[in-house]
Structures are given as structure tokens and as C-alpha cells.
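In what comes next, chain A is part of two complexes: it sits with chain B in the first one and with chain C in the second one.
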Partner chain A sequence: MKAWYLQSGDQGDIVLSTRIRLARNLEEFPFPMRLDSAGYSKVSEIVAATLNQGDSFRFVRMEELSPPMAHSLAEKHLISPAFANNPQGRSLLLSKDESVSIMLCEEDHIRLQVLRAGLALSDALKAAFEIEKILREKLTFAYDERIGYLTQCPTNLGTALRASVMLHLPALTRMRQIQRLAQTVAKLGLTIRGAFGEGTTPAGNFYQLSNQITLGITPEAAIENLEAITKQIINQERAGQQKMCGDLKTQDTIYRALGIFQSARLITSQECLQQLSLLRIGAAQGMLNIPMDTLNELLITLLPATLTAANNAELTAEERDVLRAKLARERLG
Partner chain B sequence: MLCQICGINEATTHLKRNINGNKSEQFLCSACAKEHEGGFSLSLPDVFQGLFGAFNQPAAAAKESRRCPKCAMSFGEIAHLGKVGCADCYRTFYDQLESTIQRIHGRSIHASKPPAETPQDRITKKKAQLQEAIQVQNFELAAQLRDEIKALEGGGEGK
Partner chain C sequence: MKAWYLQSGDQGDIVLSTRIRLARNLEEFPFPMRLDSAGYSKVSEIVAATLNQGDSFRFVRMEELSPPMAHSLAEKHLISPAFANNPQGRSLLLSKDESVSIMLCEEDHIRLQVLRAGLALSDALKAAFEIEKILREKLTFAYDERIGYLTQCPTNLGTALRASVMLHLPALTRMRQIQRLAQTVAKLGLTIRGAFGEGTTPAGNFYQLSNQITLGITPEAAIENLEAITKQIINQERAGQQKMCGDLKTQDTIYRALGIFQSARLITSQECLQQLSLLRIGAAQGMLNIPMDTLNELLITLLPATLTAANNAELTAEERDVLRAKLARERLG
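Coming up: the complex of A and B.
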């Protein structure tokens, strides 16, 4: 299987990816906050030993990665930014196709993530539980009958399951509906936030919708809830995009965005996300003949750390902008 | 910092309230601050801070001396950090944590079936880990596992 960002899945015009994250802790060790580097190593060795036999996972010591390589993993949503920023004593188990990543001693001993392209919640949940079962057969997890899996932060108690989908919502953003949407989904136990960066308007109109409640709800019910709400948002967004594209000025900005990628010599990361957002609308609405998987690939591979990591050498900001423009021209020219 | 209500916009407004001695504060974006000028609703981080607020009262401080037998954390430290030290902390401070858990999740009872495990299961797991440790030549870990298996077997059978 290819990495999620090299393909496009179900509902791929709006849903870029699905992620399931399970948190687990070993009963006999204090949580990571109460461990030192040696403790991290010990826990990591125990967990890695249960999985590494099949050679399906690569064991990565975070300290051995260059900062761009570590941050590239965060840009691909394989690890958290905090994990990339605090590599001391921490390790990662990563499947070769980048569909499974297991952060060891992040906020919990085990943070198991499964990633899929498009909307694939059930499939990702099934895959996550298959790996969890392998771990469970050999390890004793911290668990309490009353409050489920015990986690360092009480917000994850219960199933310790965080399911999320990455959405592209340019129409709802333009119609100023995101704030209202955020308040509505909060009442349904979900939360929505920007997927790239933390600016006032999320760069490129990419958002992450995830469940907030983990206790008193089964994993299956949690993802059904998330899926039902995601589908409603998809319908609203599609209708909005269709309406937007009926307008000549919007059509013009979409075709201009393609012109920029085909001709520009310098493209900043911020501009890249903005213009890719326009290309996605054009491709989704049939105006542009660009496959969604190409747009997913460009979105991730042109992010600053991933661009630098792939180049194998340090780059200045301007060198990055030059390289970004060049790669975009080659792909879309 | 992001707005504590919408979680999307940058927080620009610091809202402090004192209702009958109940102090609370929020960091909000201008849009959410405007919306909440009249009323006052609770967001998740807010609810969590509520727990810590409650602990600052003198009566609660008297319980500070109780510590988790495994990781030595006190309830005051848990409340201050918003994080729990180990599995035993939840058991030690369950009564104090329950109301917070209830407020975060809207309920305090887990819905799924528990994974059944007997002491024998634990021994089996440790033996499997021991074999793996020997295979990868991690003898320090292997020695520790061997001692743990001995202790489990000894404790269970009274040998």
C-alpha cells in the first residue's frame, strides 16, 4: 500500500485522510511524565520487542533523525509536533508504507496511529485493533473496569480512542460557517481545528474533525457518530463549492492558481497551501483535470520540512521557495 | 494560543469572571468573546481548570499529604498539571478525580467490555517477553523479567 498522501480515497474531494489513534500504557510503569530517558528506553524496548519480529516495522530513535526529518513526520501527521520537538530518549515504530505509526513515550507509553486516505474510519479502526491485539497478548495495559484504559491525561480515559478526519472546507470557510460548525459539533462531542499551523484562518482551509469524548461510548459508536457528522459536512461543503464555482471571479482565481504553479519561480509555503486549496476546488468541481492524489502528494511533499528532508541538504527559505516552485512546475506544467 | 471556545482563531481576549467567589478565566477570540458577553458557557479546558480551582480551597489542601504509593504524586500535583502520574494514581485518588472525569466526558463509566486477564495470563506474557529479550540479547531486561516471573509464580502459589 502507498502512504496516505500519495493516494486519494473515498470522498477524496473533501476528505484527505482518516486517522485512528489508540493510547495505551503499561500497568507496571509510571506514565511518561514520571519517567526519565532511561525509563523511556526501557518501555520502548519492551513494546518494540512484541512487534518487531515480522520486520514490518522500522524502529526509529528520534534523536538520530535530523530536525527536518523529524518535522517531516509531523507534517505527514505520522507523529505529533510535540514528539518531533522533544526527541530525547523517544522512539517511533513506523510501518514501511507509513500507514501505521506508534509513538513510544509521547504523552502515553503507546500512541498507536493508523492512517488511511479518504474517509475510511471502520477500516482504520479494524487495522488499529488488529495491532493492539498483538500488543495486548504480550503486554499488560493499565485498565480499570470503571473508567477503561488509564491514560496520563484524563481527557483520554475510557476507549482512549481519538478518531479524526482531515477535511478541505473552502466553501464553508468563505461563507463564515466554521465557527457555527465548531459550536454545533462541540455539542455532539466532537471538535474541529485547523490542520496546518495555528493562524487566525487555517492555511489552505484544511481542518481536522475529531471526537472529544472517550468515556461511556464504545469505539464503534464513536466512529459512527464522527462518520455521520462528516457526511453532513461533506454535503454542505460540496453544495457550497458548486455555488462558488458558478461565479466567474472564483473561476478566474482557480485558473490563475494553476497559472501560478505552471509559471512562478518562487512559491512560499503559505501561498502554496492557498493556491492548492483553489486547485482542489477546481479539480473537485470538474474544472481542472488534475487527479486528487497528485494534489494530496503536492500538499504534503511541498511542506517546508518534508521538502528539506527530501533534498538531503539544508536549504534557506528562498532556496525552499525556488525548489517548491520548480517541483510544482514539473508536476503541473 | 487558540481560542478556548472555537479552537480555531487566535485568542485575543482574556476574560476573567468572579461569580459569588467562583473565579474563572478564559482566553477567547474576539468573535467568541462577543458572543459570550451576555451569558457564560463552559468549554472543556475551562471545566478542567474548574477542578484545579476547587483544589485551591484550604479544606482540600489538608488532603495534600496523601500520595500515590507507586509514583508518589499528590492530588495537588495532579490537579496543578492536569495530568496523572501512573495507573495507581487513578485508584488512589479515584474519589477526588471522579467528578472531574464526569465533567470532562459527561459520564464516568466506561462502556466497553473489560479485557479479561488472570495472573496466569500475566506470567505467560512475561515468559513471552523473556524469550524475546533473550533473542535480542537484552540480558539486563531478561534478568529483570525472570525475577518478576519468579515473584508472580511465588506469590500465586505460595511456594
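Coming up: the complex of A and C.
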């Protein structure tokens, strides 16, 4: 079973992955903010017992994970950085292929996430609701007939659904279209932000596009809206990349990016994202004969914590840069 | 017969080539400054007739060369840039392997040059004097018993010998030792300057070290002095390069230079010299398995005029950069 981040899916030239997150709270317990470590444990045990009839999920006590292991999960967007940084009493349910993760007692009692390669909103939503159904049959969720699901933060009230797609938008970034795009999608109830580091030009031109509205909308309508806008962005970005690649200087930087991965002895995380961005354009536009799933894989496996976690030993920043260069050479050499 | 610039010679890791230049003037003619085009022709014919008994030399009327052909000869240091820029009435005698060139009516009537790969001062001097002997047996040179050979510029009076070696000194450059070195060699009657472009850090860290003193010294003593100092510089540079290569960051830039040559689609002349400098260090220190003669060859063949001359057609600057990248990929790919 190949993890979603080792694959490329539908619209994989632009869309790296899809994520659906459902928030749920147990009616009989206060929100996590009002719970202590013992409360966390109780909630976690109840949820885990409901799901762990088979062995589809691994129950992970966050305190037992090394910091690189925990931060690697955050790099894969399986957990939030806050969850990685505050492991006390908290637990995670993780499916074997890492496509489903359930943070227990993060901001809400249950934060159920489903991840998929490429653009797969309906599929991911369906999978999320299948798991939610198992839980719903045994547990009573905090729910208001008028509002919908109750969540600790009011921004999630209602559907308690956050759907997002990770996009690679180098052409729109180059053409300085991201700010305009952010204003447009805000009017349509969406938000876009850098996937790796915030700022105006996020590293590697990777962005998260997600829905913001959870009240007065059905989950299906929310993802339809997100999907329609995503497809428009994909078309703009593809046209932009095609235009970019007509330029000899851009072609040169793309081929050089490959040369650098095949030869460098030190690659920082920041440079890695930049050069991977160039390789993605080259692969998407048929200039480079590199499968997109290889590039998806490298994007995750060369991130600092994931690199360290896979190495089973502490690494200095320089040792990480050496190892990153070595793995890239082996994979792209 | 492989041209000297396609080979690597003695001390070839640091010394690219050796050049001996003898200036001579015919007693019966005024210096070229006082000659017109008809005078140039007369002198040229006399000298050419003296040497061209066999077919060892090609007689080249500079006016018949295309500008790239003429400038290519200057890039190879077979003629001076001034000679390439002022072809009117001037001629050149060029040996088939391009190791001997005789500029006729440049600053002096005869500027005889012998070039060799690597450090080969005695050998080049011997070869120069052998040709000079053929000329001397038939022609009468302007000569003063007290001073020696008479030349148009007083800086050449006496031996009229300029001996020079082309050195690659990236470590001394990096350690900011060149200025100190220039002061030291000046006290010893030598001068050092950038081989490709002047300035404090010449492109690619290539330098010309040559003798300055031509009065009160024998040719043999002059080249012994030059050779002894060259060998000291070689030792310093080698130790410096070895130290540099202990540094991971330097290793990274050296391997990347190879990656760039193997992948880039556009390489400017300036970048080419910089990256070739890094490859030379890598080859000299055993990091890269590239023969030094390949690097000597690329250093010359990728220079703008030589590149254009070999292409047999006019090239824009961008077309040159494309062709340079293509040839580098073919040679180092």
C-alpha cells in the first residue's frame, strides 16, 4: 500500500494532494480547552475503542514519538504543528497507509483527516464520512439542530469541514498573480496561503487553497465550490507554465535544477523546495522525463524532520543538507 | 599533431601553458611605426621567404581572416589583440600545430612566439631560438653590441625576450594573496596579470606571469628566474587547493560546476571561465575524473571568438551561450 504522498493523482501536475478535515466533539465532555491530561486520555480511549475493532489504525501516544517523528507527521500535514509541539496526554489514530489521521484532543475532541494524492475532493469526503459514520453510530456528537456541529472555535461551527488542496503555482507566482487570486477567492469563500512557510512568495511556490465557510452550506456544496475554483486556477497555471517554458532562460534554469540535484553535495531545505519547483515545471511540461510521483515523494521525504526521522539518528543542519543531497542524487542521478 | 592547447603538460594542474616571445627587427628597414602598408608587405615577404622553404608555416594575410578567426587567434594568445584589430597590410606565419606564430610588422618587424602546454620554458626557448637561427642566417637584425637587440619599445631592448606562463591560481585568489604576490614578483623582475580580463579577480582565476627585465640578463637566466618563481607559486597554490577541498562547501560548488556543465542550456563566457576554474580544482585534487587536457581544450574552444570561428557562421550572444552549453554537455555529459 503506497502512501498518498508517494503517488501522483488527478491533475497531478498542479495539484499535489487533497485533504478533508472533519471536526467533531463528544457531547458528554467539555471542549479540550477545558480538559486536563486525564480528560484527554478518557476521550482518546473512547474514540480509539470505537474505531479499533480491526487493526486499521495505529494508536500513537504523541509523548512517545521522538520530536523528528512528530514533526515529520506535521510535514506530511497528517497533524498540525501545534499538535506536534504539545504532545502532553495527546494521541493520534493513524491508518497504515497514512491516508487517514485522527488527532484526538487537538482543538476539538476529534479532528479526522483524510488525504489523497491529486485532486480527489469527493473521494476524500466520502472516505471521511465513512469513518465519521462508524464513530457517529456509537458516539453522540455535540450538535445543534439550527447551527450544525459544535466546535471549540466558532470559525468551524456548522459543517465543521475544512477541505483543502495543495497547489503548485510557479507561473502565477512569477506573474505576480497570487495576491489578486487571494482577493478573488476570498470573495468566493476560500483562502489561499503558502504551504511551506507563509510570506508573499512561499518556498517552492506551493500553496494551500481551502474553504472558509462552514455555516449555511452543505459539505457537498462546499467541496463543489472548492473544486470548481481549483479547476479554474489549474487552467490558468498550466497556460502560464506553458508560456514560461517557451523562454530559453526558464528552460536553462529547469535543466540546471536537475543538474544540481544530480551533483550537489549540500542542499538546504529552502533550496530543495525551489529546485523541486523547477523540476515540477519541467516534468509537467514534458521537458524532463521524471515521474511526478517521484517529485511528490522527494517533496515530502527531503523535508527536515522527515529526513531526520527516516535516518533514525539526530542530525546537525549540515548533516541534513548532506543527506538530502545524497538522497536526491540517488533518486534523480 | 594535437595543438598545444588541446594538451596538458608538465605541472599541468596549475600551469596551463608556456609562451616564449622573441622580438626582432630588420636592420635595413625602419621600425613598423615608420612603415606604411607597402613597407609591411615588403618586410613580411622577406621574412616569409626565409622561412617558407618547406611547408611548415602557413602564410596568413590578416585582412583575409574573418574577425572571429582573427580574434580566435588572439584568444589562443597566438597573436596580440592589437594585431587582430589592425589587420591592414599585416601578415602572420603560423605553424600547422599552432605552436609557433610569427606576427609580421606588429610592434616590431618580427614577433616570434612559441607556445607549449604546461611548464616548458627551456623547451620553448630552444624551439624559438632554432627558428630565430634560420632567420638570423639569412637576415641582418637591428643589434647593438652594448645593448643587444633593438626594438621599437625600449622595454624590450636587450634580450627582446618575453617569457610567460599561464597559471590557474584559485586558492591564492580565494586567500587574497594575489596582490601580495604581485608585489613580491615585481621585486624579482616579473609581473603577474589576469589572463582573461584585468581587474583584481580575473575571470576563472587565470593569470599570466612573465619576465619584465630584458637588459643586462641572458635569455637563459631570465627563464631560470621565471621557472624558479613559478615553481614556488605552484607549491603554494597546490597546498591552498588541497586545503580548500577539505571544505564541504567547496566540494559542493565543485560538484555543482560539473552538474551545471552537464545540464545548462545557456552558459555565458564569464560563467564558463568560473565553472571551468572549479572543475580544474576538482580534477587537480582527484575529486573529479576529468582529464586536464579536456579542461584545457574547453577553456580555449568555448571562448567567444573561437566558438564562433569553429561554427562557420555569425552568432548572436545568446546563440553563442546556447552553443557553448551544448558543446560543454557533449564533452562533459
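FYI, the second predicted complex is superposed on the first by the 330 of 333 C-alpha atoms of A that agree within 3 Å, B and C clash if a C-alpha of one lies under 4 Å from a C-alpha of the other, contacts with A are read in each partner's own complex, and residues count from 1 in each chain.
As a convention for this text, contacts are C-beta pairs under 8 Å (C-beta built on N, C-alpha and C of every residue); 3 or more make two chains touch, one makes a residue touch a chain.
It should be emphasised that the depicted structure is a prediction, and the values quoted were computed from it without experimental measurement.
Looking at the shared chain after the overlay, A:T214 reaches chain B, while chain C stays out of its contact range. Looking at the shared chain after the overlay, A:S263 reaches chain C, while chain B stays out of its contact range. With both structures placed on the common chain, the touch criterion links A:K249 to chain C but leaves chain B unconnected. By the touch criterion stated above, A:F31 is placed in contact with chain B alone, chain C being left untouched. When chain A is checked against chain B and against chain C, the one touching more of its residues turns out to be B. Of the two partner chains placed around the shared chain by superposition, chain C is the only one that A:V322 touches, whereas chain B remains out of contact. Remark: chain A residues 25, 27, 29-31, 33-34, 42, 45-46, 49-50, 53, 136-148, 150-155, 157-159, 178-179, 182-183, 186, 189, 191-194, 198-200, 202, 212-219, 221 touch chain B in the complex. Those residues of chain B lying in contact with chain A across their complex are 2, 5-10, 29, 31-32, 43-44, 48, 70-71, 73, 81-87, 90-91, 94, 97, 100-101, 104-112, 114-115, 117, 121-122, 125, 128-129, 132-133, 136, 138, 141.
The touching residues of chain C, counted against chain A in their complex, run 248-249, 251-252, 255-256, 258-266, 318, 322, 325.
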